[in-house]
Every structure is written in C-alpha cells, then in structure tokens.
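I have a structure I would like to understand better, so I am pasting it below and will then ask my questions one at a time.
Chains here go by letter, A, B, C and D, matching the order in which they are written, and residues are numbered from 1 within each.
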Amino acid sequence: MDITVFVQNFLNGLSIGTVYAIFALGYTIVFSILGIINFSHGAIFTLGAYFTYFLIGGLNNGSGILANAGLPFGLPFVLAILVGSLMAGFCGVLIERLAFKPLRTRGADPLLALVSSLGVALVIVNLVQYLIGAEILSFPSNVFGEFVNQNPSINFNFVDPSRPIPIRTVQIIIFAVSLVILVLLAYLINRTKFGKALRAVAENPITASLLGVSVDRYIFLTFLLSGFLGGLAGTLVGTSFSISGPYFGVTYGLKGLAVIVLGGLGDIPGAVLGGLVIGLAEAFVPGDFSAYKEAVAFALLFIILLVRPQGLLGRRLIQKV
Amino acid sequence: MFESFFNQYGFLMVYMVLQATLALSLYLPLTAGQLSLASPGFFALGGYIAAVMSTTVWATNGMFPIPYLLLEMLLGGLASGLLAVVVGVPALRLRGIYLALATIAFVEILRVVSLNLTITGGAVGIFGIPQPFNSSLEYMWVALPLLIACVIFTARLEKSRIGRAFVAIREDELAADAMGVNPTYHKVLAFVIGAMIAGMVGAITAHFLNTWNARQGTFDASINILAFVLIGGSRMTLGPVVGGMLLTALPEILRPVGDVRLIVNGFLLTLGAVLLPQGLISPRVFKRKKVDV
Amino acid sequence: MKPVTRKIAIAFGILAATTFVVAEKVATPIAIGVSVAQTSNTALLGREQVIGAQIAESFFNSRGGVNGTPFKLFFEDTGGDEAGAINAFQTQINKNNVVAIVGPTLSQQAFAADKIADRAKVPVLGPSNTAKGIPQIGDFIARVSSPVSIVAPNSVRAALKINPEIKKVAVFYAQNDAFSTSETGTFQETAKAQGLEITTVQRFQTTDSDFTSQVSAGLATKPELVIVSGLAADGGNLIKQLRLAGYKGLIIGGNGLNTANMFPVCQQYCDGVLIAQAYSPTAAGSLNAAFRTVYKNTYKKEPPQFTAQAFAAVQVIVEALRRVDKAAKVSGAELADVRVALNDAILAGTYNTPLGTISFDKEGEVNQKLFYVAQIKMNPDNKTGSFVYLK
Amino acid sequence: MTATDFSNIETSSHTTSSILSVKNATRRFGGLIAVNEVSFEVTPGEIFGLIGPNGAGKTTMFNLLSGLTPPSSGAISFEGRCLIGLPPYKIAELGVARTFQNIRLFGNLSALENVKIAQHTHTKAGVLSGVFGAGRAREEEPRVLAKATELLKLVGLDDLAGEQAKNFSYGDQRRLEIARALALEPKLLLLDEPAAGMNPTEKQGLSDFIRMVRDKFSLTIVLIEHHVPLVMGLCDRIAVLNFGQLIALGNPAVVAGDPAVIEAYLGGD
C-alpha cells in the first residue's frame, strides 16, 4: 500500500476509533457493574448531541411540535458540551431508575434489561422525532473557533512533501479531545477512590457492599459517567458530521456493542482497544470492498470470538465446580 | 361489519401468526439456554429462497401453486438448517451475551452480503413475488397450520428426551454434561430447529409481503423477536406465541393514538418488562392453581 | 378432526363466503388517504411529504374542493417497513374508506402495499417511488415520481457542458438505499455512453457519517468528476469530506440530494454541486409560484422535491375527482364505483402541477415534460442556499 | 517417602484387577498446582475414600476423573480405557457418575425430571420420535418414568417427585443428587461430600445407604468426605491428599496411624 494512503487511513482510523472507544466505555462500565447491556446507550448518544446543539443557542429547524424553538441563551461551546453531556448522564441515571432498578430489586432475568432499555430507546427516539422533528441539525462551522472555520483541513507533509496528506481539522480536535478524556478516565478508574470502588463493585457487588461501598451510590455514579461518555461521543460526532436526526445514534449503538464484545465485555482497556481495532479495520477496507465496510466490524467480531470467546482482553470465565 | 373487520385486520392477523411462529425460532435455542438472535438471518434466507424460486424457476402468470409454496418452505427450512449447522457449531461455544452478539454479527454480515449480491436484487430486493392466494387473510391457511404445528412440535419436544436435555443444559450446562448429555450436540440441534422454523416463516412471509429485501433481516428484528419471547414469557411454549402476537399488534392497536403511538409503544414495552419479569405467560401462573386446590 | 380444528375450519368457511357483501358510500368530505413514513428513520422524507399533502389540502379546499364538496386527507403512518405500509393501507381502504391513496414513501414499501390496494381496486399514486416496476404492480398503481432513468442523465450532460475536458469519473452511492442503487446504475450507463471512464465505484450506507475511507480510495484514482447518489445527511457529509480531502473538480448529486436539508450538512462545500432535479422551486407556472409562496411563508426555505411531489399527487387526485364528479356526483355514490372511475380519470388526465405538466401512460407511469439541472449556490451564512436552475 | 514411591507400589500390585487407574495425574491452575503427580487404583466393588484438609485437591481430582477439568499431565483410565481428552458426557456414558460438593441439581425442574434427564445415555429417542411419541420414545418413556420413580423411592423422595428441586432441604437435595447419579446406571460412582449438611442420624443412615446402593447396583464407589468417623467406618481403603499430593494410601487403620496424615490434619487445619 502506498505510504501516503497508509498514513491517511491510519490517522482516520485512530480518529474514529477513539470516538468508538469513548462511546463503548459507557456501555462497558455499566456491563462491568450490573452485567447488563443498556440498549438505550445509542439514544443517549443522540440526546447528548441534541442537548449541546441547543445549549450553544442553536435553533430547531426541524418540523416537530417545537419547530423553530430554541433556548433564549447560548453557552460557550466548551461549557455547552460539558453541560450537554452531563444532562445526557442524568438521562442515563433516570433510565437506570426507571428501567433497570425495578428489575434488579425483583431479581429478574438480566435479559429483561435488554427489553426494558429497548423500550426506553424507542421512547427517546420517537420523543425526539415528535418534539424536534426528523430533520438534520448542524453545528455552525465556527463552533471550534475561527481557526478551524478558516482552516477546515490541514495538510501534513511528513511522508512525501510533494503529496501532502489532508486531514480534517475537526478530526484532529476530536482525536485530541478523545485522548484527553481517555487519560482522565484512566486516572479516574485507576487512581481515585471512586475508581477503586467502581472496580470493587464490578468485581463482586455483594463483597463490595460488605466492605462498606454503597453499591447504590456507585450504580448512580456509573450511569452518570456512562451517560456522560455517551453524550460526549454523540456531540463529538455531531460536530464532525452534523446530527442526522433522531436515529443518529442507532448505528453507533450497534457498532459500540461490537466494540465492547471485541475488547472483552466489562473490560475498560478492552473497550479502548476494541474501538481502535474496529476504527482502524474500517479505515483500511480497500476501496474495491467498500461495499462490505459496514460488515467489517461484525466480521472481525465473529472471527475473534471464535478464536477468543472472551474477547481480546476479557478474562476467561472459569466455572467453579 | 364482520367482513370489513377481516378486510382491515386480515393482514395483521396473519402477520401476528407469522411473527408468533418466528418468536418460537428464538425460543427454541433459549430452552437450551442459548441466547441466539440469529432468527432474522434465517428468516431473510428463507424469504430470499422463496422469492428467487418463485420469480425465476417457478415463475407463473396466474396463481402461484400452493404445493410450490410448501416446497419453498421446505427448501427455506432445509437451507436455513444447513447454514445453522455451519454457523452454530463454532458459534455455540460462546456463552450468554457473547453468543447473542456473535449471532447479531451473523445477521449483519448476511444483510450486507444480500445488499451486494445480484441474485438478491441489491437494495431494491425482489418484487412482484407471485401470489398463491387472492387475499392476505387466506394466507392463514398456511400460516396458522404452521404455527399450530410449531407450537405442538415445541411443546411436545419439551416433554421428550431431547427437550429434557435442552432444559438440563439451560439449568446447568456443566451438570448436564456430567449426566451424559452432550451439550454441543443439543445446543446446535436447538439452534438448527429454530433456524428451520425461521426459514419456513421467511418463505411464507416473502409471498405474503409480495416483496423481499435486505431490510427484512436486521438487528432491529433480532431485538424485536427477543422482546416477543421475554415479554410473552420464556419458560413456556405459549409465551413467545402470545408475546409475538401482542407486540406485533401493539403499534396497530395504538394507531388511534396518532403521532405519539411509538412513544407509547416503547413505554409499554419497558413497563411490560418491569412489571412482568416472568413474562405474560409463566409456568407459575398455571402451577398456582394446582397448589391452591 | 379435533373440535378446535373444526371451529377454525368453520370460521374460515364463513370468511370465504362473506367477502364483499356490504357496499360503502363515499362520505362528505371526500376521504383521500395519505400513507407515508411519519416515523422510523425514513421519517425525514415522510415529513416533507406530509407537509406537501397538507398544503395541497388547504390550497384546493379553499378553491372549492371537488366542485364544491370539500375533501379531507387521512394520514396513516407506514413507518419504515413493509408490514407497516400494508397495515396503513388496509386501514385507509377499510376503515377510512378513502377513494385513493397517496403513498408510500419507499419503493420497497410500495412493492408490498400497492399490491394490497390493487386487489381492493383502490387507486394509489406513488409520490416518491422511483424504482423500476412500480406502475406494473397493477392497474390501480400510478406514480408522479419519475423513474431515475429519466432524471439522472441530464446532469451528466450538464457537467460536460461546463467542463468538456472531463474523462475520469468516480462514482459513490448508498448501497442500502433502493433509489440510490437504481440511480447509480443510470449514472454509470450515461457516463459510459458519454465516453467517460469510471475509475472507481465506492459504496456506503445512508446510516454512515464517516466516509474517509471511501473518499481516500475514490480520490486516489484522480477523478475529474464525482457522482454521488445518496440521501441528504450522508450525501452532504460525503460532499463535505470530498472537498476537505482536497477534491476540486465538479460534483454531481443525485436526485436524493435535491433537498435544502443538505445545506446545513455540507455548508459552504455544497457550493457548485450539480443536482438532477425532478422539481425545481424556480420553475415557471402560477401554481408552482403559489405553492412555493405558501411553503416559504411557513418554513422559511425553498420547498423540497418530496413536498412538491406529494402536493402534485394530491392535486392529481383532486382534479381527477372533479372530472368524475362532473359525470356523476361523487359524494354519496358507491365507494367501489368511485374508486374505479377515479382510477380511469387519473390516468386519462393531464395536470399542470408544480412539477410541470404531467400525464400518465396506460400503465400508470408518469410522463413529466420538464426535468431540471440545478447548481447549488450557498448563501454567506453557510446554512442556507438555493438551487440555481441551469438552462 | 514421596508420593511417587506410593504410586510405584500401587501400580505393581493392582494393574489387572483395577476398575479405575490414576497415574501421575497433575493439574495446574496458573502457578498453583492443585493436584500433583497423584497415582492410585480402585478395585471393582470397593468403597474408596478420598480425604484431606480443605484445598487439598480432592474436588479437582473428581473433576479430572469426570472430565470437567482436563489434567495438565498424567493418565487416567477406566476399565482399561483412557479417559484423557474425553468430554464429561462421554465419560458419563462409559459408566462414571458423580455428585457435586456444591449440589448442582437442575433447580427449576422437578425431582422426577432431574432423575429422568440422567437416563439420557440409556435412551435413544430422537427429535421426531419424541415429538410424535412414536417409535423409540413410545417404548422408552414409560421405562424412564418407572426407573425415575423407582430411584426416587429408593432415596425416599417419591412423595416429592413433582416438587422443584430448589425447594428441597439440603439433605434431600443430596439424596436427589445420588438418585440422579444412579439413573446413569454407572459402574463407578463418585460422591463429593455426600454427608455435608446432614445431621448425625442422617449420617449414620447414609453409611448403610451407600453400602446398600453399592451392593444393589454392583457399584464401585469413590467418595470425598470430611466426616472422619463416617469415612473410617465405611471405606475399604482411603487415599489422603494434602496440598495436591498423595500422602497416604491404604486401609483405614493404616492411614489413621500414618504420621504424615496426622501431621497434615493437625498442622493444616
């Protein structure tokens, strides 16, 4: 492969891969604590993008019942993205209280969480459609500031000066933001009391509660963090590509599942690795096979599961006899 | 009044029956403890077989002969069963949610492949599929017997030696293994029978919808069918049947609600899961009567 | 025979014996059905159609309806799938007792649902079904949406007029969209017929947003013309990413991109894109002017093609109804008779719609006189723009 | 004296008449060696005890015998047939049945169903035969029911045949597990702590019961047990494991006097 094309594909893969990773982390921490898959995580992704869009003062150009509505104020983008993601986080908590907690207290089959969160996802998507509309919403091109607006792509010359590699500036920003988030998250989980407790709860909720960790409080915080990450990923993708409507998060929701299972369910480094692997694999699909790009994540998932049934970094389940 | 009801809801009633049968295809592997979401893949395959056969090999101008429809169901079932063996033997080593995701991967791969083949008609799919009946309702002649046959088959299987082996694996795979039950064989068997049902339902549905395309076998369908089984009840044959019928009818029942009907639909789904953790139909409902007496 | 089986058999026997006994009458106001995708991920298109139909409803009712009798539109959501379309059609036919149906949104849905209406002898007018074979579903099926094979080639010729040096073409299309896959076939045939070399065919999905791999692979073949068949969100993103990756040549957008919804997606990068149109907001004609004004007053932008087509579909039914009504009063007549007469009237007429003058052949295929090629001109705000009609 | 020396003695004296032969069986879990070079033989008709402090590797040994865990090295043969590499259900088919230390009944199923399932290897009915109640199933089902009922009666649970296993008392669950294992019609029965959770009366009854079962079904029995008096009174021979190694093997009197055994029990637990 031509080195220029290779470098370009590699950078593209990293950029989308880190977003996959952030999104998938939201899935995986919930799984690590409760052993359930939250199907509404894709809808949270959508919500995060919508929240941020309206918080920066964006108007609804959709045809829902809130057509042409908007907030009377506009926050600076950095603040809006934080508040918007946090609001997504609280939606995650709300979902936990309404759809998961009742199941947990009844000791229901964990599979039911799939159905109850599916219902929630259906509500969110159709509520957005009803209130906002099915139309596409776009962030203004100067949302990352004037520099990005004036220089929408940057040419890199580090391989062959005669053939510069154009990379979208937004992609570079997203990559940088994602890296910062991942580092912060690594710190949070490995170094803080919250992180240690989180891991303890993930390891064994019963022991953790005996050790004095308030399991309920950590479940609350986990869903807050999960929703925050989902909403953040949604906003990042939204600024890069525009919000394509209420079904914006659905494809990411599905692909995120592939990411976490590929990496190993409930495994935090695994989600990052899975995101990067799938991002890169998609970027390196040869042009002639672009038809199959959509299937790459799943083909990879299928093959890797056959070789390593517990995913790349997952621990093998040892059944105690 | 009477026949206008059947004119309006004839399609829906047959569709409910077909979807209920499809729910059994997911229920069967679940009786052996295997959460497989592969049903829509086999459903799509069966449909494609019927669509291709009836528009090319057996193309007719008038009514499509019913024996050919039955033959297509047989072919769809067999092809799905065969594919299920190929996919099931490696995939069923996976457990729980890993298996679920691997089967979703299978459905997605099949979908993308069918988008890219000429024989499946790409994104447009296959249309103008010959009709064996004059109205939607008449499909009941095939759909209902298939459902009844599948219900009886499944219910009786559960009471038989093979069914006991399935349930033993669901309860405790390791103990079942130690009691002389070959887990792999029985898991694949349950998966294959489920796939065959899905393939047969697909073959009928292709004629019933008059068209077939890649959107028939998707992740969304996987999750819907799972909801059929869990809301209906995953411990008795009747559960998925009731769940499949009810959830298929729900968006239509809610039609008078207007614009917010899918919001209500989603809300009811969550409510159903939360309030009926055992599903609508559970063995406990039946047992309780016995204990009281 | 077990008792249960016998009961079922008896029920079927009764059913078979009692089809079509009661005759419904046409109500006042006259019921016309509109069944498009108001939910699901196809709703973006369906919403545009609902708006077009609603504008037509108030527009024509305020102009006397059907010779003085008002008509009423019944909206039944099809969702995005085939079964939903059939259920919606069944409700229109048997519960709302409509004289005709406008819908569904997708060609795949039409293949399923139109058959049902045809059997019930209810005329269907497809507002946006462009796939091959739609009018051939049955005698009662027609469409106002021109098949892609007619719309697409104009734009290739227009591109060559702008830049006769073009030799190499890269083609991109949304492979999960029925319209786009048919359209790209036509584009590719046209390009070959014009002596152009197709250097690459890249596929994507309408649900994608990241096209960097397709763009990289496509631009590696050094094309001088790029042809994109897709829908607003994906097509817009693709065009933006093509430009940001340094592509400077001409871009042709398929008919799916003929919507102002694309502008906020590709923003300033939409500028200069050639679009094959079945509807141009700037087209001449007093009716189009009136339609455009109503739309712009409410939605502050140019009406999209889907809206115009839905408007035209309702218009065709209303005008045909007027002719049927002149022969014999429609309101209160036998519903079944009106449906048959209406179908004949639809196919017989010529209609001066916002799409231009249209008529139908005896199969129900639309004959549209005018097609347009427009070039996108973006406004300085980068969120709005216009389609500038190319002569 | 080392474990290896024991095995040498054993192999030379029991080669021809043994039903079960374990040679240098070893199982590692990561760095931990759960079973280390253990060798012993069991003669037909024998009641063979396997004892040792907690964590000595007894249950791991059972898992090696029943195929649930493959040995890292070593050889295990049953009636002269090598068991290495065979999946558990194959070993069960050959005639090795077991119970579990942490009872693994099919909790949601009735006692009757639990026992029926274990007759799987002795029935052949396929899918169609089972569904139509014809062919093999027609002949097998009454036989399966009769046998299950008989076994439940044997363990005194026939009154509770229709009850869900998870609702049983601890002792009843142990009995049901034995009935289920017997339904396999085994030649070798592995009992993992059958007396755990039983009261003294029940324990006394258990000894008689195990002997009765052995005689009635001509079984060979290997059992793990903590309750020393029970083992001493019941077993023909005893093997003692400590930290995965075989430290003593012989008849109860000999083993009880072995200094290594006394050391293991006093020093260990």
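Basically, a contact is a pair of C-beta atoms (placed from the backbone, for glycine too) under 8 Å apart; a residue touches a chain by one contact, two chains touch by 3 or more.
Computed from a predicted structure; not experimentally measured.
Please work out which of B-D and A-B is bridged by more C-beta pairs in contact, and write that pair.
So, comparing the two chain pairs, more contacts are at A-B.
Looking at mean CA positions, which chain is nearest the middle of everything shown?
Smallest offset from the overall C-alpha mean is found for B.
Can you name the chain that lies farthest from chain C, using the mean of each chain's Cα atoms as its centre?
For chain C, the chain whose C-alpha mean is farthest off is D.
Roughly how far is chain B from chain D, centre to centre by C-alpha average, rounded to an integer in Å?
The answer is 42 Å.
How many angstrom between the C-alpha centroids of chain C and chain B?
The mean C-alpha positions of chain B and chain C differ by 33 Å.
So how far apart, in whole Å, are chain A and chain D when each is placed at the average of its C-alpha atoms?
Result: the chain centres lie 50 Å from each other.
Using the touch rule from the top of the page, what residues of chain B touch 2 or more other chains?
115-116, 174, 259, 262
For chain C, give me the residues that contact two or more of the other chains.
Chain C, residues with two or more chain partners: 39, 175-176, 203.
Multi-chain contacts only, two chains or more: what residues does chain D have there?
Correct list: 68, 100, 104.
In their shared complex, at which residues does chain C touch chain A?
39-41, 43-44, 46-47, 51, 175-176, 200, 202-205, 207-210, 212-214, 216-218, 220, 232-234, 236-237, 241, 244-246, 261, 264-265, 267-268, 299, 382-383
How about chain A: which of its residues touch chain B in the complex?
Its residues touching chain B are 37, 39, 98-99, 102-103, 106, 108-109, 111-127, 130, 254, 257-258, 261, 265, 291-292, 294-295, 298-299, 301-302, 305-306, 309-311, 317, 319, 321.
Touching chain D in the complex: which residues of chain B?
Listed in rising order, the residues of chain B that touch chain D are 152-153, 156-157, 159-165, 167-168, 171-172, 174-183, 189, 193.
Can you name the residues of chain A that touch chain C in the complex?
Result: residues 2, 5, 8-9, 12, 16, 61, 63, 126, 129, 133-138, 140-141, 152-153, 166, 168, 171, 237, 240-242, 244-247, 250-251, 282-288, 290-291, 293-294 of chain A touch chain C.
Which of the residues in chain C come into contact with chain B in the complex?
Residue list for chain C touching chain B: 8, 12, 15, 18-22, 24, 38-39, 76-77, 79-84, 86-87, 90-91, 93-95, 107-108, 111-112, 115-116, 119-120, 131-133, 136-137, 174-178, 180-182, 203.
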